[in-house]
Amino acid sequence: MQTTTMTDAMRPPVPAEPGAGVYSNKLGMWVFLASDVMFFTALIGSYIVLRFGMGSAWARPGAVLNVPLTGLNTFLLICSSVSMVKAYAAIADGKKYFLRKVPGKTLQDGGLKFWLLVTIICGAGFVGVQVVEYIKLVGHGFTPTGYREGSLLAEHALADPVKYGAGVAGMYGSTFFTMTGFHGFHVTCGVISMLYLYFTKVLPEKYSPQDYRGIEVIGLYWHFVDLVWIILFTIVYLI
Amino acid sequence: MTTVAHTPTEAHHAPMSFWRKYIFSTDHKIIGIQFLFVSLFFLLVGGLLAMQIRWQLGFPGKPLPGGGILPESMVSGGVILPEYYIQLVTMHGTFMVFFAIMPLLVGVYANFLIPLKIGTHDMAFPRINMWSFWLALLAGLIMLAGFFVPDGAPRAGWTMYAPLSARPDLSGATISQKLWSISIVVLGLSSVMGSVNYITTIINHRAPGMHWFRMPLSVWALFITAILAVLALPVLQGAAIMLLFDQTIGTHFFDPGAGGQPLLWQHLFWFFGHPEVYILILPAMGMVSDIIANGSRKPIFGYHSMVFAIIGIAFLGWIVWGHHMFMSGMNPTLGSTFMVSTLLIAVPSAIKVFNWMGTMWRGNLRFHVPMLNAIGFVSMFTIGGLSGIFMAATPVDIPLHDTQFIVAHLHYVLFGGSLFALFAAIPYWYPKMFGRMMSERIGKLHFFLTFIFYNMTFFPMHIIGMGGQMRRIYDPTIYDFLKPQQPLNVFISYSAFALFAVQFLFLFNFLWSLKRGKKAPQNPWEDNGMEWSLPNPAPHGNWDKTPNVYRGPYEFSAPEAGDKDYLPQYLKLPTDRDPVPAPLPAGGH
Amino acid sequence: MTTPTTHVRPNYMLIWLYLFVMTIAEVLLAFELPVSQNLKLILLLILAIWKAMLVALFFMHLKFERWRLRLIFIVPLPLAVILVTTVIMEKVF
Amino acid sequence: MRWWLPDAGSTFAGPIDALFLAILIITGIALVVVEVGLVTFVIKYRARPGRKAFYTHGSTRAEVIWTAIPAVTMVALGLISNHYWVLIKDKKSIPPNAYHVGVHGKQFEWQVTYPGPDGKLGTSDDFTVRNQLHVTVNEPVAVELSSEDVIHSLFVPEFRLKQDAVPGMHIIAWFQATKTGEFEIGCAELCGMGHYKMRARVFVHTPDDYKAWVAQQAAGGSE
């Protein structure tokens, strides 16, 4: 598979010196993920600090947020993560196809095209559900500035200030929308990148067991986004 | 993400258009040069702002010369208004830190030097590198736009302490405060892109034989700097996003009325801010190490401890941020912890200073302009480092905190440190960039005048700071206790004007030498670095064939060198064996 | 030119099942089970970290990478912990 | 012209100034060593034809020495400093007999609230005076700092007193003035365009004068 062009000969055989032991795109993605850890540290850390500063004044879990809907979303993201890793395994084994019959089995065997499509659909589904969630929340009166005056939630909060954390609703809205919003932004970026790869690289069958860098790198990003969501789901929705 | 590592370098086959070659270039050297011109421009802008600050402090109430061209919202009858003065101090700090010193050291020299010094053809991701430059420029322009919107530039100091920065009704600046946040988010993105590139390139693209402990200290310093940037900038980005949301959509992160915490901003800002301080000085230390070894014709004294000192400074840099907040009402127990970690930074810094001196000891010193400026760096950085001890000791920090003493300290580090290092680095690698030498004579004149006026400007600031003059005050003369030291303020202002004027010598030298400078020989400084195996200026794609590295970077006056007093890393002696490249990783490369 | 991946591939569907079961356990723990607030908090955090570890180790293959690559992802974590604990200590006068 | 710290006006000034002097001597020695060394090397080892530099990669012993000396010095300095830091800033160090006054920062003035004749803050006989802090000499005073809008910083150079006033936080700073007279207060944290003019005064009275002043104020005095 190695086509030795003039350009390749000029470049150092990567890595010339023992580096991280992986190709540069993957290394670069890992460094970027380390950087993203710090970005989410700023957002999540601030949430933890601010919430800690409030004592027990925070709204009770499930009072404002729709946990079953988000539970569905979590399920979607976990599914997309496993389909992503299946896509990676498929291309590493050279399965470029969509679905193929396996003798002696009823289920067809999925290839890269199938699993990446599943990932994209689940990812897009996640974003879609999040948009629906936001619209519903804002409709109920939950906004980044707190409970909107005269809204349903504001009335509830008046009736049961402890359950709805009436005193700190502003901070609740601020942290909730910032954290989940930037997570949603990351998911959206991932879906767009995967769509781009799907049409420019996966459908034309440009990946091979010798070179599947794009799939592995976007996979790392995608699993990281999933990982952040696992943490967010627990600390924002359940605690 | 997938193809960037293999952008074909058609440079060797077909001539590229002017636009591809010099404007939307992916060549690391062109990007470095683009950064150089842009950040020199911002350096000039920052300097102009500083002159206005000095005018106001030296001569409060007197009309600013040429102030007539400024609009009525900034000056009244030629006299600087308090609201404009605060914009001046805010934007001076912002421009100098984020758009002058940081891109000059990291944007220019990380881009330019890393591939050349580790013997590779370009960055790992050349296209991301190009984006990094254009985003940095965009961020700079957004920041500059602050001066031209209604209400003028941001007014909360470069540290943007909330809630002053979060509430336009308190600061008086509505639009530009938001522009500041947006600009910083964009700049953070640019820095992260650049740093991911630097780290990946250094880890994975070193030429055969360039072991970790054969890398020049400049590359080590830039590597550690990139690690600091990649981990610190996102924290600032996150904080700036929260600030932006506070300013625009009404969130309450830093709003004490709704349970927000103003100190949270300070913690996040300085958690980024202290590593940032080392981002601004480590590359300078690295380049100065290279230049001092060259000027002394001696191997650097204690190479390994120099590397570990850089790593030590970077590590300690993460656990000292609280020393910016000793007076902020932070828990005093935390203050004690931060004091100890801060004082410990003196140890690696001392190692570096003494090792530089050890390098000069029994050397054969050549006083070319880069060497002069490097010696200037060592002596001035020492003052800056030592004056830091006063403020690290918490009780002594009480009278000195937020006074002109800290202004003196930070300028000794950033001007006496980083800028002197740049005055050394720019002429040193100028031939590699442009193929010509900068004038030695003007360079020496510039060094001596700068050295004198610089000390006359910033040393007295220690004294007025001890006297208690607060930072960022518009008019010190309204205070009885500051009135007696006003003559010193006047003296500082005159020195500052002279210092600024002298910098035009450098600017002239820089621009004039582009066309008229002496043609550079291949290795003008008789240096050992990999970059000097290339013609000047270095061609696109650097080497035709990947070079081999045979030894460490500082083999000056080595016995094997024979009658020469230097032994380049790329020179193969009969006794040297060719290094063996490492095996390739799975999944592509 | 390239060397094939040498490690035995983990059973990804099994890990998916773990994640799924643990998510359900989390929701049940948060809303249905009668345990004290503090215990709930600790159990939820343990479950979340466990899930995150599963994703990082198996889906992101950290279990099969060399230490020098793992290090890249590990380095920011103590920094995050330092930042958050310090700022929280702020409140504990 | 003043070339030193402002005149001492509180009990903190003694230790702080002594520590300042100690650090000045330590850093002064280090500075002289470095600068004299540099100048000597520049003169002594300047390039001369036919000379070659001494080829060495360093000396572990020398490096251990110049690592150990700063390390020991800094740890010692840290221990000494911490003693006084705790004395000045720790909440537990505020003398129990301290006289509490409230200082409220606001763009751009200091509002000082006095406890009135009953000696307690938060009671109905409190009264507030703009930009004037009146205290008794040789008596510990605890300043309860708060802020209306942005971060301010109460700074009295003569007292070596500086403490930020942060909105949403209640911070107590204490001091004990050692001589009577009138001193200036400045704001040491950028608080907006009027930052420079956030100027106020401290009046340090003898106990009798202070009592007279409080009585006059409580009676709806001239201020």
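Each chain carries a letter (A, B, C and D) given by its place in the written order, and its residues are counted from 1.
In this section, a contact is a pair of C-beta atoms (placed from the backbone, for glycine too) under 8 Å apart; a residue touches a chain by one contact, two chains touch by 3 or more.
Worth saying up front: this structure is predicted, and the values here are computed from it rather than measured.
Student: More C-beta pairs touching across which pair, A-B or B-C?
Tutor: A-B
Student: Using CA atom averages as chain centres, what separation in Å is found between subunit B and subunit C?
Tutor: 37
Student: How many angstrom between the C-alpha centroids of subunit D and subunit C?
Tutor: 46
Student: Which whole number of Å gives the spacing of the CA centres of subunit B and subunit D?
Tutor: Centres of subunit B and subunit D (C-alpha means) sit 31 Å apart.
Student: Please output the residue numbers of subunit D that touch at least 2 other chains, ranges allowed.
Tutor: Residues 91 of subunit D touch two or more partner chains.
Student: Would you give the residues of subunit A that are in contact with at least 2 other chains, written as numbers and ranges?
Tutor: Counting only residues that touch two or more other chains, subunit A contributes 20-22, 27, 31, 34-35, 38, 41, 49, 53, 92, 210.
Student: Multi-chain contacts in subunit C: which residues touch at least two other chains?
Tutor: As it turns out, subunit C has residues touching two or more other chains at 1-2, 4-5, 75-76, 79, 83, 87, 90, 93.
Student: According to the definition already given, which pairs of chains are in contact?
Tutor: Pairs flagged as touching, ordered by label: A-B, A-C, B-C, B-D.
Student: Along subunit A, where are the residues that touch subunit B in the complex?
Tutor: Counting only subunit A, the residues touching subunit B are 5-29, 31-32, 34-36, 38-43, 46, 49-50, 53-54, 57, 92, 144-146, 167-168, 170-171, 173-175, 177-178, 182, 193, 197, 201, 210-214, 216-218.
Student: So in the complex, which bits of subunit B are touching subunit C?
Tutor: 227, 231, 235, 263-264, 267-268, 271, 318-319, 322, 330-331, 333-334, 583-589
Student: With touch defined as at the start, can you tell me which subunit A residues reach subunit C in the complex?
Tutor: Touch residues, subunit A against subunit C: 1-2, 20-22, 27, 30-31, 33-35, 37-38, 41, 45, 48-49, 52-53, 61-62, 67, 71, 74-75, 78-79, 81-82, 84-86, 89, 92, 209-210, 219-220, 223-224, 226-227, 230-231, 233-235, 238-239.
Student: Please give the residue numbers of subunit B that touch subunit D in the complex, ascending.
Tutor: Those residues of subunit B that touch subunit D are 82-83, 85-86, 89, 155-157, 161, 163-164, 167, 170-172, 256-257, 260-263, 296-303, 305, 327-329, 332-333, 335-336, 339-340, 343-344, 346-347, 350-351, 353-355, 357-358, 360-367, 375, 378-379, 382-383, 386-387, 389-390, 393-396, 398-399, 401-403, 463, 466-468, 470-476, 478-481, 484-485, 487-488, 556-559, 565.
Student: Can you list the subunit C residues touching subunit A in their complex?
Tutor: Per the stated touch rule, the residues are 1-2, 4-5, 9, 12-13, 15-16, 19-20, 23, 26-27, 29-31, 41, 44-45, 47-48, 51-52, 55-56, 58-60, 65-66, 68-69, 72-73, 75-77, 79-80, 83-84, 87-88, 90-91.
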